[in-house]
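Two complexes follow with subunit A in common, the first pairing it with subunit B and the second with subunit C.
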Partner chain A sequence: MTDSSQQKQDQTRRTVLAVDNLQTRFMSRGPALKAVDGVSFSIGEGETVALVGESGCGKSVTAQSLLRLISPPGQIVGGHIYLEGDDLMTRSQSEIEDIRGNRAAMIFQEPLTALNPIMTVEKQLAEVLHRHHPQRRKEARAQVLDMLQKVGIPDPEGRLRAYPHQLSGGMRQRVMIAMALLSNPRLLIADEPTTALDVTIQAQILELMRNLCSQMGTALLLITHDLGVVAEMADRVIVMYAGRVVEEAPVRTLFAQPAHPYTRGLIQSTPNLATHQGQLVAIPGLVPTLADLGDVQGCKFAPRCSMATDKCRSEDPPLQTLGPDRAARCWYADEVMQTVSAQA
Partner chain B sequence: MAEPQELVRVTGLKKHFPLTSGVFRRTVGAVRAVEDVTLSIRKGETLALVGESGCGKSTTGRLLLRLIEASAGELMFDGQDIRTLDRRALRTLRRDMQIIFQDPFSSLNPRMRVCELIAEPLKFHQLARGRAEVEAEVDHLMNIVGLAPSHRDKFPHQFSGGQRQRIGIARALAVRPRFIVCDEPISALDVSIQAQVINLLAQLQQDFGLTYLFISHDLSVVRYVSDRVAVMYLGRIVELADTAALFEEPRHPYTAALLSSIPVPDPSLERKDRVILTGDVPSPSNPPSGCPFHPRCVHAQAICRQEVPALRTVARGSGRPGQVACHLAEDLDLQGIPTTEASA
Partner chain C sequence: MTGPEAMSRLAGSRAWASFAWIAPLNGRILFGGGLVLLIVFIAAAAPLLATHDPLRVQMSMRLMPPSADNWLGTDNNGRDIYSRIVHGARVSVVVGMAVVILTTVIGTFIGLVSGYFRRLDGPLMRFMDALMSFPSILLAIAIVAALGASIQNVVIALTVSFIPHTARVVRGKVLSVREETFVESARAIGLGDWLIIKRYILPNVMAPLMVQATFILALAIIAEAGLSYIGAGTPPPQPSWGNILSDGRAYLHNAWWMTTFPGLFIMISVLGLNIMGDGLRDKLDPRMEAGR
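For the complex of A and B:
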């Protein structure tokens, strides 16, 4: 387990999820692709941790691995996933099924594909409830109604008989959230929950998730590519690049003083409404695909990094602890932090 | 100072798509995608057209290029009425007006090589004669948009999203247009690549004196690229003003709500009195009476439910001009996003 997750446990906040050296690979004709390559982090009760990165960085595969939702050719080949101390890697398939949707739940980007199109809202929600807490239909209905009200669905009784296609995108995402929170999970994993929604609806859904998770003390793992969403939602941030954690920091520290050149590049290339107009600083080069990375020696970000030296191109930097809750995978993390504060 | 010259002028533009039903395709209604749009675009400027999905912004862009025919209204390009042009004249005109699409995956023919894709518009408009001339021009264009000459013989699927968007831009530039409609040109790209494409578009505008209509749902991006912004809601322009004025002093409640919904990538920013809109965007096939925004507007009064507000000039506190379609524009105290100095 990493230093930071151990420190977390000493604090008052109870650790809900601890991931230790998770490795997920996709078998291909060539060498296996390391989609998740030794990822470790933890989330405390009531805490929101954002997992950030661009397409193909392994953030969604990490999320799916946590609930063991990886199917061939993908495979979790190493590491431990502790949910409230239980190692999920040692559980049987049926034990995992008892945990999914119960102690840990997940919501996805596109609720239309995640909901069953031929089941009414009531049936889908009652099914989840019944799976984990068998009870009478009347009681189940009361609980479902209560949850639909909590997620702000207008006229919840009328919506019980609705099918997913009869609901708007925002309403569907609310139904998904209701379904995920029905059995009061300790951990909620949200994979790009608002990416498919319009900005005014996104604001509604983010506020809803924030309120519900803080009321229920749910640990939230928020997977997103949008730094604006990160700034508004997260307590701590984990930045991924090429299947690995490249930086971890509390949210304010991350934005004020990033320690990895990739994090700094992401922040500088994100348009910010509140700062004044000027040129955006782009990160040169392309977002790498896993297949490209096989032959990159040294730091995986070096080909796109303006600070890269010969050392970066030959030696792979480890994830170094920089302070409480802070770590970065860069040989020159101290310099990166200094240049940022000098610019400010 | 002389009045800047207009390149495009649109008056009372309408587009209704008929809704049909039954075996005889009887018309049972209409989707009022664009309902009375009046605007002008000045030579050399970037006018942004923003709004949520279904507000009619893309339809407006296509109407301007006559890719679809308007139901009513006047369309002027460089002083010429383009609604009356015959096919041949339109073909000549198309050299002046180009479009860049959102999805670089579906807008390029997958069976054509990059050099063929870029040569196609050159040949179609007979802008280069003979193989040598065409090839020289293709190389030149690839160089302009930042594609390595070694990519000439590759197919679109061999490129990343950002590179494909560069191919799309090269195709648009091939005919040396004066006006380009950019329809969500960066929405499908990763953050670090978005900044590359934005900077490229800005550079090209400077080098070739281009005029852009920049269609986007992302106001943070619009803040960076545009000179003026038009906000659309349910087929109408609700506010149009200089970019800084619109962001700092919105005069339409919808603009204020949009600005307030956008997550800002700065966790230290305290945002007071956030307006979170309730409800969804109404259907354009059954728009509400009066002001299209009144069902979601917290300021709505009796007059808003009865009369459609006209787009009229309304002064701002700072004296910056702009047009607003709101009955109450003078009386509302709306919050914008103050511009702070850029930090690191």
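For the complex of A and C:
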């Protein structure tokens, strides 16, 4: 699929999730830590958007904020989360609970611990149906079986009575996916769903998620630090750094022509057998801790950026629109894009 | 003749197969549990097992040593020690059970709420600490002194003094279970706090809770005997192991049976409970399981 046809399709898609200026903070003894600092993005029906960044950049907190799963000392202090037009921030606790697992579901990183060790697969899955569709209690078993079949679990009948420890990691993650998709959610948030699995299983699980989501028209927000997964799965990519979006672009554009030095650094630090076999380039330095961020004036990435100028160090760049579906938070986005295409 | 021998062994093992459910229980659970069951049986069947009326005073029979008629001798009022011990088992078992049930229910609730809702943790646990700072038996004595000595008040006193222990154990376990991903995942499928506590947290704290319950039962039996011994427990003339011991205190030199036998019964029941508790702990501790 070329970028232009992709974009056309995007415009006709209905927006499932729209996040506007989301701000999540962690209250500490000192100043509040801005874990998510004004993040905005949207996902359309059947679309897969990848949220990328190093550990500690705010990806997971963003994901948890979307379902308002942040617990103290964390707190969502501003912004709006629209799920199919409903602002989740104005909903009561019990309304949010009705939405979780029903209209929006989540898959976690560790399938080992994400299932209750003392509940059978059937009970665990049926819990979702009982919670959200109590009137359909009788059909629960049939629906659970059907879903287990869809996620490719061999001998689903036999697995109903299995406990999580009797299943392999890949099987557990399939059960998690089944659990998440059971009530046909409009939005699926997958927080590093394959990090704990080995590579061959990773590919199967990703394939499965992509197929099921496109069949069901579910919007998929995929949180990962693995650019290989991004290239494989995503339609669009959002790159986060220090709690903010630093770049947003369709997946091909992002890889071909990153517009932010951080994105370029991420791509360069990923091994690529096809193009070059030289030494990998690491981004110098570490993600600043949230407590240090308050001190950084100007661009938060400037201390690690090879292109940083005095302007970068004194003035914080806004997220600039670079074209349809493209934006980057860098004063020199045009130069970055040019240098990369020159290299290519 | 190895053939028939092997055959009979096979047949034997098949006969044993119907007892396969015992296999996961270890020896200590069976042995300790057996002693506990014995005591419970004695308590339940006391009227049938007793050879005399435990309350009947017979001054002509004072301080008789063990004999064919009075198996464990008589006390300073000529009452049959054996019959008194058998009836006293009822008090121990009833008090013990009541204390365990009340302590477990209330302590578990406090522990769950305190561990799960962090705002309540501070106040609840400080209150528990305050209760815990008194030695259990002293606290119990104080409560009985305030309420008056009766079996019911002994149960109340012991429950109050043991609740903090159970609450602490449960809270500690809740604190670790609530951070598990499956709790977050339960939240992510839309379950509310109470449902999560009931179906995800509570079942995962059951193991240490059961072990704790057996130890509380042992402690309650000792404490009831202790309270009765100092006259703050089961009011005479109703027999309890503690007040039989207490009666015998003055006659240690010339009627050893008055103190030895009730003491022995206390020891056997507490030993049985502790052995069973140890066995349960090993059985239910996942770390021990993994080592296997």
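Definition applied: the second predicted complex is superposed on the first by the 330 of 344 C-alpha atoms of A that agree within 3 Å, B and C clash if a C-alpha of one lies under 4 Å from a C-alpha of the other, contacts with A are read in each partner's own complex, and residues count from 1 in each chain.
What we mean here is this: a residue touches a chain if its C-beta (ideal position, glycine included) is under 8 Å from a C-beta of that chain, and two chains touch if they have at least 3 such contacts.
Being a predicted model, the structure only gives us computed values, none of them experimental.
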item	value
Fit or clash between subunit C and subunit B when superposed on subunit A	fit
Which superposed partner A:Leu206 touches (first subunit B, second subunit C, both, neither)	first
Partner chain(s) touched by A:Met179 [first = subunit B, second = subunit C, both, neither]	second
Which superposed partner A:Glu127 touches (first subunit B, second subunit C, both, neither)	second
Subunit A-centred angle between subunit C and subunit B, computed on Cα centres after superposition, in steps of 10 °	80
Subunit B versus subunit C as contact partner of A:Thr113, first or second or both or neither	second
Touched partner set for A:Arg14, first subunit B, second subunit C, both or neither	neither
Which of subunit B and subunit C A:Ile267 touches, first, second, both or neither	first
First, second, both or neither for A:Leu286, with subunit B first and subunit C second	first
Of subunit C and subunit B, partner touching more subunit A residues	B
Touching partner for A:Ala105 - first (subunit B), second (subunit C), both, neither	second
After superposition on chain A, the shortest CA separation from subunit B to subunit C (Å)	6
Footprint of subunit A on subunit C - complex, ascending	118, 180-182, 184-192, 195, 199-200, 203-204
Subunit B to subunit A touching residues, read off their complex	52-53, 160, 162-163, 190-196, 198-199, 202, 217-221, 223-224, 243-244, 247, 257-269, 274, 276-278, 280-281, 337-344
Touching residues (chain side subunit A, partner subunit B) in the complex	54-55, 168, 170-171, 198-204, 206-207, 225-232, 234, 251-252, 255-256, 265-284, 286-287, 340-341, 343-344
Residue ranges of subunit A touching subunit C (in the complex, touch as defined)	67, 69, 72, 94, 97-102, 105-106, 108-110, 113-119, 127-128, 131-132, 176, 179
